[in-house]
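What follows is a pair of complexes built around chain A, which joins chain B in one and chain C in the other.
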Partner chain A sequence: MSYFVNVTLTGLTQGMIYAAFALALVLIWRSTRIVNFAQGSMAAATTFIALALVQAGWSYWLALVVALASGFVLGAIIERVIIRPVEGGNELNAVIVALGLFVALQAGIAIVFGSSFQSFPAPFGLEGFSVGDRRIALTPNGIYIIGAVIVTMLLLVALFRFTRVGLAMRASAFSQEVSRLLGVKVGGMLTLGWGLAAVVGSLAGLLIAGGGFVYPAYMDSLIVFGFVAAIIGGLDSPVGAIVGGLILGLALSYISGYAPRGSSLVTISALVILMVVLLVRPGGLFSSTTARRA
Partner chain B sequence: MAEAHGATAVSATGGTATGTRLLEVEGLTSAYGPVRALDGVTLSAEAGRITAVLGANGAGKTTLLRTISGLVRPVAGRVLLDGKDITKAPVEAMVSKGMAHVPEGRGVIAELTVDENLRVGSLFRGKVAKSEFDRIYDLFPRIAERRNNHAHTLSGGERQMLVIGRALLAQPRILLLDEPSLGLAPRIVAQIFGLLRQLVDSEGLSVLLVEQNARSALSVADVGVVLNLGRVVVTDSASALMGDEDLRHAYLGF
Partner chain C sequence: MSRSSRRLVSVLAAATVVSALAACGGSDDGGGGSSSGGANEASAPGITEDTIKLGAHFPLTGVAAPGYSEIPTGLKAYFDYVNDNGGVYDRKVDYIYRDDAYNPSNTSTVVNQLVLEDEVFAIVGGLGTPTHSAVVDFLNAEGVPDLFVASGSLTWGEDPETNPYTFGWQTDYESEGKIIGQYIAENFPDAKVGLFLQDDDFGENGEKGIREYVDDQIVGAERYTPGNTNVGPQIAALQAAGADFVVGFNVPSYTALSQLTALQLGYKPQWFYSNVGSDPQLVGSLLNRFSQGKVTGSALLAGAYTTDYLPTVDEPDNPWVQKFQEIWDKYGEEGELTNYRLYGMSMAYTTVQALQAAGQNPTRDDLVEAIEQVGGDWKGPVLAPFRYSEKSHMGTSGMSISQLTPEGSAKEIQGVMTTDIGDAKIKEFDGKPTTPTENGIPDEEPYK
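Up next is the complex of A and B:
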């Protein structure tokens, strides 16, 4: 029983990170219909900025704030300068640009910060809490991860639901032409959307780095899981991204914990789950295709 | 019928006297590649009146409105609003200049609720009093009942009411309407056109209406402009156009 609880807790913590990464993908897909393949590299870049600051003696929290802020700036600049020219054109153009950005950013990180493994600090302890005489797989850092993602999501929900700029962003995402005719500055909303998505993506990068090692390509595995989570959720739905992330986190944790030689099956399992979801519900679990058709 | 309405029109909210040219289009030419959808179109919409642009499918009606509001950039010609050249103004700025364009196909934002659709329409004005929303809901009780429903659940008529109500929230001086009757039951069309007439007469709104349904449009309009293959064929009062049987047969299909 305690083994099951531990596997579940690990899955939930991991799932939260996948959810955050998937949410970043969904935010961009909703507004610009572009799958941001560069998201992992963007997150890696800001994580390295945080690492440089921590190594320079800054506190983790200050470094976190600077990294998230630089994520916003990076996302906004990338949308304005690199993505804007291919927006609304051939979908393949945007894919190629995003892939190129992915490679270029990763190379840039290696040039600036070096390509060796470096340890990244965790703000909270990595030892599991004790329940009775047993240690469970929930760590103080794990609670921080779950809390940080939940707070971020609540802030985003509040932004989209209750603020004027949030309404303008949603309108721009759903119908650019109508929004422009209604006087919404759609271009600015898209830039803002990319900036916010990059903040959420950066958060995912920082959270998964905590207590582990980082190198320019350290986000690559998370990219796969993040994409799978986003597609399971339907790519269009923020709620779907979160549910997709948690489903994937739990499923992979059970497979890794219970299947014989499970840990080597994790990546392929993610892809099998993706295949099954796409076979059963091609639009993803939370797809809003019926709404769109109207 | 139309001239009787025209005579009772009051002055526009913008202070422009009824009958003065509010929107002027001069020699407007728009092309999609080598095809000229508009070929030197000159027309004007007067303050406090309904101007109907009529013509068959492909006459250039939708392109005309899209060029006026900047969605399509003309290769030649000018658009003037109240004497000011707005040909190169960005699309986003048009509504704050007093021009609201309701695009073809009921431009509701399907994923937003009715209430959110209205709020998007008022965003550019900053804070807008609740009484203004109530007024729109009073004009269109059918959408008031559904204010918290998503717009994709609305019927065609309700969508048209929503987009017109949303455009009115922008407090426009001139409303550009693209085929508001498309796909609607005659009863709903009559209801919507009747309301437009009322707004024009009592509040000095000006309307530039683009319609394939010439009979309905002429019954509500003051002035008609017949467009064929991107060119203006004739401009005259709605009643004169109604009376010209040859012209109706040749270009208006009734």
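Up next is the complex of A and C:
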């Protein structure tokens, strides 16, 4: 029984990490209609900035704030300088540019911070809570991750649903021309969207890194799961991203824990889950419209 | 993946080669090599009158990079030292190593590059079981000597007919498993043993060896896939199975991950990490910064058992360690002499023995034949002799067992035992410890 609880809790925490990454993808999709393949490298870059500050003696929280701020700046600069020239053209162009950016940023991190494996501190404890005389696989740091992701999701829902800026962002992503005619500063909205998405991505990067190891490509394995989580959720719903992340995290944890040689089945299972979801609901579980092309 | 960082490393490696060549052109013959009179000829691909080109693949980036990326720096430092002291038959060794990020598809690419573009004479020290498995057929088909694979898989040495050009070097995982198994059976007969295994040859070979001695004590065997960093379900399963003695056949980063996960679960078995995953300095430094100092890595690992087939940096009185330290201080790059660099330097020592034994103007086949015929007699830093012959390309066969202290060093608790794969018995090693030559460079006679 305690084994089942531990496998579940491991999956829950892991799922929240996928969800954090999926949230960043959803945000950028809603605000620019681009699937940002460079998200992982961008998050890794800001995580390394935070790590450098922590190593220089800064507190975790100060480093977190600086990392999120630099994430915003990085996202905004990338949109203005690199993505803008291909925006509005062939959809594939932006995707290819993002992929190139993914590789370039990763190499940049290796040049600046080195490619060695380093541990990243966690702001809270890494020992599980005790229930009776047993310890369970839920740590104070795990609670922090879950809390941070849920708060971020609520903020995003609020932004898109209740603010004029959110509405303008959605409008400019959906139809640039119409928005412009209605007086929305489309360029500014796109930059803002990339900046905010990079902030959420940076947060995801830091949450994933905390109490684990980082190296320039540390986000690679999570990128796949993050994309799967986002697509399961429908790519434009923050709630969907969370649900997608949780479904994926739990399913993979059960497979890893109960299937024979489960650990080796994890990656392929993620793809099977993705395929099943897409076959049953091609738009994802939480898609609002079915006719929209992804 | 980290394609571009690999590119960068390639560029750097290429630059290193160019500068090494330039240095060769400028220097006169250093003398002191075991020259046998005749003129040097370009007797094989990768061999010129004054250079021998050797290649390797290592994980310089990625999940297996910690520790392992230091090994080629040790090899290079030792070769540089030899180059400055006469080289091998007055030839300088050019050691070109490229990054495969522990990803087998990258390994194929970089080894192709080494063999077809760089035209190396031999591959020396290619690291990793899954990675090297991807290129072993290619190297044997091309007839490229594939020396001293940095992995204890049985594949490299058990069947010289299939892989005539490939040689192992370190103690194979099955022999290691047997020695570990016997130790547990004798000293912990009541322990409930759990296995934490990498899901490939590494874990399988080790498990096979251990099961020969403690099969009835094993309560669970859990496997992880490299790259999947969530080992929560696996460690929780060992805990649920009631294992109070866990043997890990895993790479160093997974030692750290297993310790972290066990900490999370409040799971405190007796740990025994096989040689590969146990380096206390490395694992300690990985774990140290967590919880901002609340957890210290070397303390987490204190009391864990591990095995050795080489002297370690914890033995400053060992003549091999002293010699390698001296060479490292002068020829090494930044950083301390670590056990990984010591490993690289020891392997480079064996490589120089092989090149000397192959003769002044060797072909690739001469090198292979030399190792088969005289390699079993070589004295070097490894604790027990190599098993090289026409029938076996297995490396050394012996291991000692030590326990880690809270300070992060290792204390020997069982001397060197030797064995072989299959049903070979375990024997206490009765040979004497070896010492290096005066200048730390071997002096082997040509085998023919």
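The working rule: the second predicted complex is superposed on the first by the 289 of 294 C-alpha atoms of A that agree within 3 Å, B and C clash if a C-alpha of one lies under 4 Å from a C-alpha of the other, contacts with A are read in each partner's own complex, and residues count from 1 in each chain.
Note that in this section a residue touches a chain if its C-beta (ideal position, glycine included) is under 8 Å from a C-beta of that chain, and two chains touch if they have at least 3 such contacts.
As the structure is a computational prediction, the values presented were derived from the model and not from experiment.
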| item | value |
| --- | --- |
| Touched partner set for A:167, first chain B, second chain C, both or neither | first |
| Which of chain B and chain C A:87 touches, first, second, both or neither | neither |
| Touching partner for A:119 - first (chain B), second (chain C), both, neither | second |
| Larger contact residue set on chain A - chain B or chain C | C |
| Partner chain in contact with A:2 - chain B first, chain C second, else both or neither | second |
| Contacts of A:135 with chain B and chain C, given as first, second, both or neither | second |
| Chain B and chain C contact sites that coincide on chain A, given as residue numbers | none |
| Interfacial residue positions of chain B with respect to chain A in the complex | 69, 71, 91-96, 100-101, 103, 107-112, 116, 119-121, 123-124, 150, 152-153, 166, 170 |
| Partner chain B, residues of chain A touching it in the complex | 164, 167-168, 170-171, 174-175, 177-186, 288, 291-292, 294 |
| Of chain A, residues touching chain C in the complex | 2-3, 6-7, 10, 14, 60, 103-104, 106-107, 110-111, 115-122, 125-128, 130, 134-137, 139, 211-213, 215-217, 220-221, 252-253, 256-258, 261-264, 266-267 |
| List of chain C residues in touch with chain A within their complex | 1-5, 7-8, 60-63, 65-66, 69, 101, 199, 223-225, 227-234, 236-237, 239-240, 253, 256, 260, 263-267, 285-292, 294-295 |
